[in-house]
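Each structure below is given as structure tokens.
You will see two complexes here that share chain A, one where it goes with chain B and one where it goes with chain C.
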Partner chain A sequence: MSTVTLRDIHKRYTDVEIIKGVDLEIDDREFVVFVGPSGCGKSTLLRMIAGLEEISAGDLLIDGEKVNDVPPDKRGLAMVFQTYALYPHMTVAENMAFSLRLAGISKQQRYEKARDVARILQLEALLNRKPKELSGGQRQRVAIGRALVRNPKVFLFDEPLSNLDAALRVQMRIELAGLHDSLQSTMIYVTHDQVEAMTLADKIVVLQGGIVEQVGSPLELYHHPRNLFVAGFIGSPRMNFLAVTVSSVNDSGTIVKLPSDARVTIPVEPGSISVGDSATLGIRPEHLRVDQTNATIMGDVLVVERLGGETYLYVKVAGGETLTVQTDGDNMSQMHDRIPIHINGNLCHLFDANGAAIPKTYRHHLTQNGSHEQQHPHKLNY
Partner chain B sequence: MSSSVVVRPEHKTPPSRPQTTRQVSTLPLVAPSVIALLLWMIVPLVMTIWFSFQRYNLLNPDAQKFIGIDNFTFILSDPGFWISIGTTIILVVAVLVITIGLGTLLAVLFDQDFWGQGIARVLAISPFFVMPTVSALIWKNMLMHPVNGLFAQITRGLGLGAIDWFADFPLLAIIIIVSWEWLPFALLILLTAIQSLDHEQLEAARMDGANPIALFRFVMLPHLSRAIAVVAMIETIFFLTIFAEIFVTTGGGPGLATTNLAYYIFLKALLEFDVGGASAGGLIAVILANIVAIFLMRSVARNLDT
Partner chain C sequence: MAQKTSRHWLLTLLGWLVACLLFFPIFWMFITSFKTEVAAVATPPQLVFQPTLENYVAIQDRADYFNYAFNSVAVSVGSTLLSLLLAIPAAYAMAFFPTKRTKGTLLWMLSTKMLPPVGVLVPIYILCRNAGLLDTRIGLIIIYTLINLPIVVWMIYSFFKEVPKEILEADRMDGATTQQELRHVLLPLALPGIASTALLSIILSWNEAFWSLNLTTADAAPLTAFIASFSSPQGLFWAKLSAASTLAIAPILIFGWLSQRQLVRGLTFGAVK
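Let's turn to the complex of A and B:
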């Protein structure tokens, strides 16, 4: 068992507060990803868990024990750094066995252990090399090996793939997922790359400005974002937002009026909004369709981005907003075309004037069981 | 000693065809600096070699004649010469140990964040800007003087009596003065080196369970090794020719207690007016310096590789 619990954690420097009260429960064997824009405090939060930054207020519990004042090496954690932070003057084996050397374990045992770990990571042939003789991916693997050697309760990763090129990043991502599966240990992973977050995580923690915006499984965040920030942050390309006015509220759904006077019925719970309120409609580019027969709204194509498999159209619609539409790679639309767009109300999200999402009348079928957000209620900060 | 460093690469150029054509086209461009270096280094060196085989005393310049290696045998059989070599070695090694040892510790200290850090750094580096004669005079007359010096006043105030540094511990006094002058240099180089250390490495080591001493021993010191080698090399080259501090304070004395090789040559040439003997001593000094330089260059080059 290795669980991590954060209770109202704060981090203050002399006059700024970086982390403004974070509550979080990380279960045994869970892969948790902290994600957020630069400066949101995700790295700071990880470093506080690691013990590299002091905790200004609140409690940090590992396996139920308060470890606020326990030094980093005594917390039973291992960390993989963004720059790998290998010791340049030591060989791969010495790098991996350094913690054992400090612990006073005999040379024989140290190297045995390093060799065992090297076997897992396919580094055996490189044990006597120095870090500078390794490629980026190999260095990354040594850094992971250095963490593995310590047999930690919890692995911490601080943007470990951001220094790798795109192809290697995908490969290491798959290896990390495999590693988590085979080790069955708790992992906390910081990234600003939402693809890493979506693919690796059991649970994503979206942070902004030192506050947790939402905690949940990747699909939970994708299908049921709690507010405008999460909706815009998760998903690529970004979700489209349109300013709308509420024209009727029913149990089965709410009808909103677009700037073009078109009406869309969105299946959300009634209650928090009333007729006449202004609200924000959100719809993802992959859910918009170019549809000649069933057009909701017309728009002028500003830019066409053809990626081969898919095509992104940037379309200016009535009201001056620009929508991103994802279509298939064979779409014929050209720049300056006027195209009809169909908005399917069932795939739309509705946010009230404060930016909070209005709950939908149904749950997405992949998010119904084992969803985390009910377990860990969080203050809504809007 | 620097002549060997400059000249050597030119001999090493392999005579391959494309490189020869390139050399022809670049020769006019490098020629001015090569000629300047030749005039600057080779001419004095050749003159020194010439004089070292002459009997040439300024008290009796007419008696100049070729005397073979007599100057060398005379110098090598002079016990004063060997004493000066010993003094030189003690001086170089002692100051190296003090400046690099203290410099490393101070560099680690100055790398920490503390109030008034900027001013403290400037103050710590300032001795380097004081010229050797001036700092030697300050140490001699204001600090180490047995009557007026600050140290004597303090020790007398404590009832311990005064130490006459230049009479009782002359070499130690010189070592202290030179160390004071050169500590800032070591500190400056080592501080910049330590600031280039990746902080994530230190944090990784902390996570690995390193206490501050282990951090210093296993992470900082290996990182500094290259900078330490560079400091040692540069300082050695300067310490082999320490002169002003000795000239201003002890004048090489008492006896020969603080006479290093440079000062010995000075005594020969300008107090005994024996240009031939001084040139022979100078040549021996050049050879010694080259031996040291070769070893240091090798170790630095190896350090730069890894």
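Let's turn to the complex of A and C:
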């Protein structure tokens, strides 16, 4: 059992507050990813859990015990740093077994343990090398090995892949997922890369400006973002937003009017919005369709980006806004073409003037059982 | 390409010129020590002469070189060790747990080096006298430590600053205490820097003359006092003085030459990374 609980955690430096009250429940064996733009406080939060930063206010519990004042090594955690932070004067084996050496374990046992871990990470041949003789990916593996040796209750990863090149990052991402699966231990992972977050996480915590914007499974965040920020942050390319006015509200949905005067019916619950209000319609690029027979709006193609498998069209529509439309790789559209776009109201999100999402009348089928969801004060109940 | 080569040659030539200029006084002192007193003051100066060892014999008759040399070694090594002992914890605190006043403290420490030593001669002399430290090696060690401490702290501080913060955080996660962190991580990483700091401190202490001449007479007198004892207001003494100087600087010169790689590496540590 290794659970981590954060209760109203704050971090203040003399005059600024970096973390403004975070509540979070991390379950045993869960892979939790903290994600957010740079400066959102995600690394600070991780470092507070690690014990590298003091907690200004609030409680941090590991396995139900308050550890605010427990030194880092006594918390039963291990951390993998963005810069690897290997000891340059030690060999791979010494690096991995350093914590055992500090704990007074015999040389023989230390070496055996390091070799066991090296076997898992395919580092056996490199045990006697120094970090400078290793590639970036190997160094990262040693850093992970150093964490593994300690048999921690919880693994902490601080942007571990951001110093690697794209191909290696994908490979390491897969290895990390495999590692989590085989170790079955609790992992907390910080990244600014939402692809890493989506692919690795059981639960994503989206942070901005020191507060939790939303906690939920990757698909929960994708299909039911709580607000404009999460909607824009999760998903790539990012969600399109259009300013709209509410023209009718009833139980089956809300009808909104686009700048082009077109109407879209969005299945959201009535109550929080009324006729005449301004609102924001959000729709993901992959949910827009170029459709001759069912056009909702017309737009002018500004740029065509062909990625082979898919094509991104950047389309200027009435009201002056640019929509990103994801179509298949064979799409024939050219720059300066005028194309019809279909907006499916069922796939749209609606946000009120404050940017909060208006709850949908239904839940996406992959997010219904809420296996990775939790009771969270910041979370809206749909 | 041709331009680059000629530029290269010009720089090499300039380098040699500067080196010769710096080396010439030592070279001249060295050859003067093998001249007779008369030859030493001859004009024009003689480059070709009959070498003699009489100056070396004479100075060994008049003073016990090894006694002075022992004092020099004891005082410079002793003060260096004491400086490191004080400077490493100080630099550790300043580099890794800085406060708002750390920069100010560092600058203030350095500013004490700008004070002319003679300005505090009388108070220090009286303090040493009252403490019974006049003409003792301990007295000199304390004075030299105080003189060199600002530089030693500064240097070690800058070497510690080069050590990535994450490595120290990693060792804290691994369970290292402050002492273990210093011993197993920080000191090995900063070793080239600490070694060059120690070398510099030894050289500075070895060459220090003002305090050693004023605070010692016989028992604790180092080689600087040994040299000074061969200078006199009248008569011919240049050859003997040169012989004494040669003997005094020979150990530190050899030491410096052997450790120059270390010294240069330490002094340029972090400059090219």
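As a convention for this text, the second predicted complex is superposed on the first by the 374 of 382 C-alpha atoms of A that agree within 3 Å, B and C clash if a C-alpha of one lies under 4 Å from a C-alpha of the other, contacts with A are read in each partner's own complex, and residues count from 1 in each chain.
What we mean here is this: a contact is a pair of C-beta atoms (placed from the backbone, for glycine too) under 8 Å apart; a residue touches a chain by one contact, two chains touch by 3 or more.
Keep in mind it's a predicted model, so treat the numbers as computed, not measured.
Asker: With everything superposed onto chain A, say whether chain B and chain C fit together or clash.
Answerer: Aligned on chain A, chain C clashes with chain B.
Asker: So, A:226: does it touch chain B (first), chain C (second), both, or neither?
Answerer: In the superposed model, A:226 contacts neither chain B nor chain C.
Asker: Could you say whether A:150 touches chain B, chain C, both of them, or neither, answering first, second, both or neither?
Answerer: both
Asker: In the overlay, answer first, second, both or neither for which of chain B and chain C A:79 touches.
Answerer: Both: A:79 reaches chain B and chain C.
Asker: Just which bits of chain A does chain B share with chain C as contact spots?
Answerer: In the superposed arrangement, which is not itself an observed complex, chain A uses residues 50-52, 71-73, 77-79, 81-83, 85-89, 98-99, 102-103, 146, 150 for both chain B and chain C.
Asker: Note which residues of chain C are touching chain A in the complex, please.
Answerer: 164, 166-167, 169-176, 180, 184-185, 188-189
Asker: Using the touch definition from the top, list the residues of chain B that touch chain A in their complex.
Answerer: Going by the criterion above, the answer is residues 198, 200-201, 203-210, 214, 218-219, 222-223, 225, 306.
Asker: Name, in rising order, each residue of chain A that touches chain B in their complex.
Answerer: On the chain A side, the touching residues are 50-52, 71-73, 77-79, 81-89, 98-99, 102-103, 130, 146, 150.
Asker: Looking at the complex, which residues from chain A come into contact with chain C?
Answerer: 50-52, 71-74, 77-79, 81-83, 85-89, 98-99, 101-103, 146, 150
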